[in-house]
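Multiple structures are listed underneath, in structure tokens.
Look at the two complexes coming up: chain A is in both, with chain B in one and chain C in the other.
Entry: the complex of A and B
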């Protein structure tokens, strides 16, 4: 090991220690503990809704992985979420399989369908050099097309009213069958899954791979010149991101018990962008917080004024963009910035 | 239309509640005081933003009117009715969120409302497992058979079947169908086809258009070539206006029939609606003391020249039927209220109504009417109450 390597290893170790000591991480850990203990003190309403918020957070995380790390904004992420949900519904309802294997096949089918779609679309776009706004516009078309198919192909998708009767997640291992029909267990399953995916992504992105992606976002040509297969990296991220979105969609469908065309539509695609933007792009934890904050605000404000609430939500987003352009996760830094500015002035 | 909803006063009120919301959020949102058992709590869930706003507004007004009347007359069995209004945004996610809130957090005794099919599907995914009564007040495809679901709007055998019988006897036997491309027009088209064939009639063609279609000309050329006696339209929303304008400008002869046309539409476009035929459970032109009183009360409360349609009237009926059922059952216990629902009857603005015990759908009236120049509908024939037929349903 060369001297330089030792130095950088030591630097990385201190950086990691510093990371864990930061108050933000203490807060996140505390937040996780609160979430994990939720079923002990919260009612059925809160368990079910927080579970859905976690699933939407996971969906937002998938977009953040793509948008936050490679700079590619996808306006079509609901297509992947919806493919996951529809894949799950079609496998479990239309194929007439044994519930235990149907659930698992549905999960694989839904996630696989989303990844396959991303692979095909991504391959043609990314390898032919489509980037930036153009890529965003094509993904926009993707979600519109997906919604049209969901409505139009009614023999398979149930059309406008969707498919009803998705069974709860059931697993069978060595003859031991387990159905996640209990709300608390289902909730913990979702929390655990979201945490694992979050940790894995965080681990991968804080290492060498994260740097490569950052390099691609900064200047793809330069990254390619020093020998990185930027097309392949981007396609991998795109497909993995679609897979996570599809997984979230498939599990969401088992929670609601049905799928409908607006789970695949443009509206959801824009909502997920809002969640990531509010939470803080590129922060990985932020999307969960963003999904929660936006959901909570919508719930509260829309119950107070059933007619004008979209206006207040709109104002909130405008205010967010002006005050905290980097999202909720940057509250601390933003505060320090403002304080530093005042200090200098004084 | 939208200008009617955002007036300066509602905006100010909205800003006020917004500020209040902000204030409450700061202080940690006091828990909503639990309902005392003396009140009966009803949740009203419908589309107040999104695609169906205009319909949702009228539906909500009719519901409010019923609740206010019931409270003024001493409530339900002496218990005051408390209600909560929630907007489902015409989306599944919005509907699930709000249905959950009403069912589990507010713990309402029943939920009334909804318009689009996706709303009742989404709401049932919450209310049926939770064993909450859900009352749907829109005419629809009529395919739901669930203990905890009740409907007070027309189903095909109460709307399409009698209409078709009359049309084949009095106007003509061939029809051409134009509809938007989604479940309700497609399923209705099947019902229309069956009904026409049962009466010796014939469907010459059926076309379905995606939302946002601008040019219906090619379809009109095909209609001209097919020479049907009737054109049956189920083109929804803003496209419904476009298609009628073009139909009029093409100068097509066949009699127009629709099963979604009502006062909301004809008041907004009297010139386009004039002469068309529609079937609903309720029209404002019904000449009964109950209806006169209903319209007067509605207008005194919400403004003169406001249209009322069948969806709204069905919400009014649903609220009263629920009241009567609770009184009959002597309790708000859902297991007692549901059997009681079919044992009560109500002198509704549309006429006498009651529920069928075998499928929890209402014995709606069926009124065939023709639109006049002023937007009102003139009754051609009142078929009276018809037993709802939900194939294979026996609760």
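Entry: the complex of A and C
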């Protein structure tokens, strides 16, 4: 291959990337329309299931915002999801308020609790220069501690069995009360909320702020010497990420009607990392796709034999990391790469 | 305005690492728009000295006054914001961003002394980077990365630019181009450069400071330094 050929091949590759960026966008829009029309053709059970998958996707998005954009891997993100869920449950069940104020206070309380925890833990870690693996290990401890509290402090959290009876989300505007007890309406509310958060994050991160975060991940010392208060940027992302996770958790609890210690523990913390990894770290849309793909595989495989699932998911995860390190969002490009490699070898 | 007093006044700086004194009692002043070179053999403490000036290291003793403000022990991002920029020895551009995005991230937007802040387009032009503005910084050649880094430092609208071996690893032509770029692009700010490459220092032809074993042993115009027998002895080598 002459140098000339290489240059024209590179030019064709860039042109191809530009044309492929469009279909990806069209696909996402089509996927969204399918999701939006779901209540018209799917049964109530499926609507509720996909709603939960969307909430898990929102939770995964919160981790992707942190991990994909700053490189900080939180191994305890379920702690924030769980704080949101438990916050909602405790406010609505234990305080005896009227439904509308309980819902609002539960949302604010759950989300606020998650953000406060992230603020306190994040402040002491990030501002004292803890980074990388060390930070990950502390977040791992965080989720373990949170789960222990959820199990141990049974007067408040209900212990092992959790709390049952979280009412549906209820809003009150100018004396007009509205409970999201209809599955379709609740589903649309979740879809709309997830879409708005996704769009806002995407918009913010594709601008200069996203570049600053990339710069911090690339070389934090350098970012600081050009005048960026990197500790504050990282803490902001950590707290906002925890807030989104907490919000997802709080709404999830109103959907299922109960909270249990597995919503705050290590297992869920591991799963959310997998959703992001499968969907593609740093892609923002990927986490939703990842949550969906993993959930769908779980349905299919558990229906053959429930014992197969844990074994499969381990192998699947390893295979994903080796074959598609950038997640399913990169399937197209990665497929071309692998094909080109085989071609050269032949 | 603080005319009359120097822009940078480093007083009796000292830095110890355990039992080793890397910098002993070094004082240095830099006037506005002045260029100074620091030379010295390996291990003379040049990089340590620069690290003290830009805040990456704290002095064990001594004081640094910049533009009338005591900056000793100030956090890095604040030092950057009051007008001290630094280019690292190893090129450290943000490899996943384009040249243009690298400059935009470094744009702080606060100019000093009533000057208009530098814009991305201006700096691209001044440092001859316009043609490669949309290339990924990770793919640039070594020399281009160094120039981009000088550009990033310029985007912070500094009053003082610290350069740690700006021509390390460059070809002769690239070194001379760097000297030329510094003369044109950084004409209106103060520059302190650490350098090994005598051709480059000769091309800059500025006030030169010689460090040896952590102490300042001579300073003056480069021609005098080159002729100074003690400097030839410790550094340039007796010939």
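What we mean here is this: the second predicted complex is superposed on the first by the 316 of 346 C-alpha atoms of A that agree within 3 Å, B and C clash if a C-alpha of one lies under 4 Å from a C-alpha of the other, contacts with A are read in each partner's own complex, and residues count from 1 in each chain.
By our rule, contacts are C-beta pairs under 8 Å (C-beta built on N, C-alpha and C of every residue); 3 or more make two chains touch, one makes a residue touch a chain.
Source: prediction; values computed, not measured.
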Inset, instruction - Please work out whether A:161 is in contact with chain B alone, chain C alone, both, or neither, and reply first, second, both or neither. - result: first
Legend entry - Contacts of A:258 with chain B and chain C, given as first, second, both or neither: first
Legend entry - Superposition-derived comparison: chain B or chain C, residues of chain A touched: B
Inset, instruction - Examine A:304 and indicate which partner it touches, taking first as chain B and second as chain C; both and neither are also allowed. - result: first
Inset, instruction - Name the contact category of A:208: first (chain B only), second (chain C only), both, or neither. - result: second
Inset, instruction - Using the superposition on chain A described above, determine whether A:219 touches chain B (first), chain C (second), both, or neither. - result: second
Inset, instruction - Flag every residue of chain A that touches chain C in the complex, lowest number first. - result: 208, 211-212, 214-215, 218-219, 221-230
Inset, instruction - State the interface residues of chain C toward chain A in the complex, per the touch definition above. - result: 54, 56, 76-77, 80-81, 85-86, 88, 92-97, 101-102, 104-106, 108, 152-153, 155-156
Inset, instruction - Mind listing the chain A positions that touch chain B in their complex? - result: 43-45, 48-49, 52, 148, 151-152, 154, 159-162, 164, 256-258, 260-263, 267-268, 295, 298-312
Inset, instruction - Spell out the part of chain B that touches chain A in their complex, as residue ranges. - result: 5-6, 10-11, 13-14, 17-18, 20-21, 25, 29, 48-49, 84-87, 89, 91-93, 96-98, 100-101, 103-105, 117-118, 121-122, 125, 181-184, 186, 210
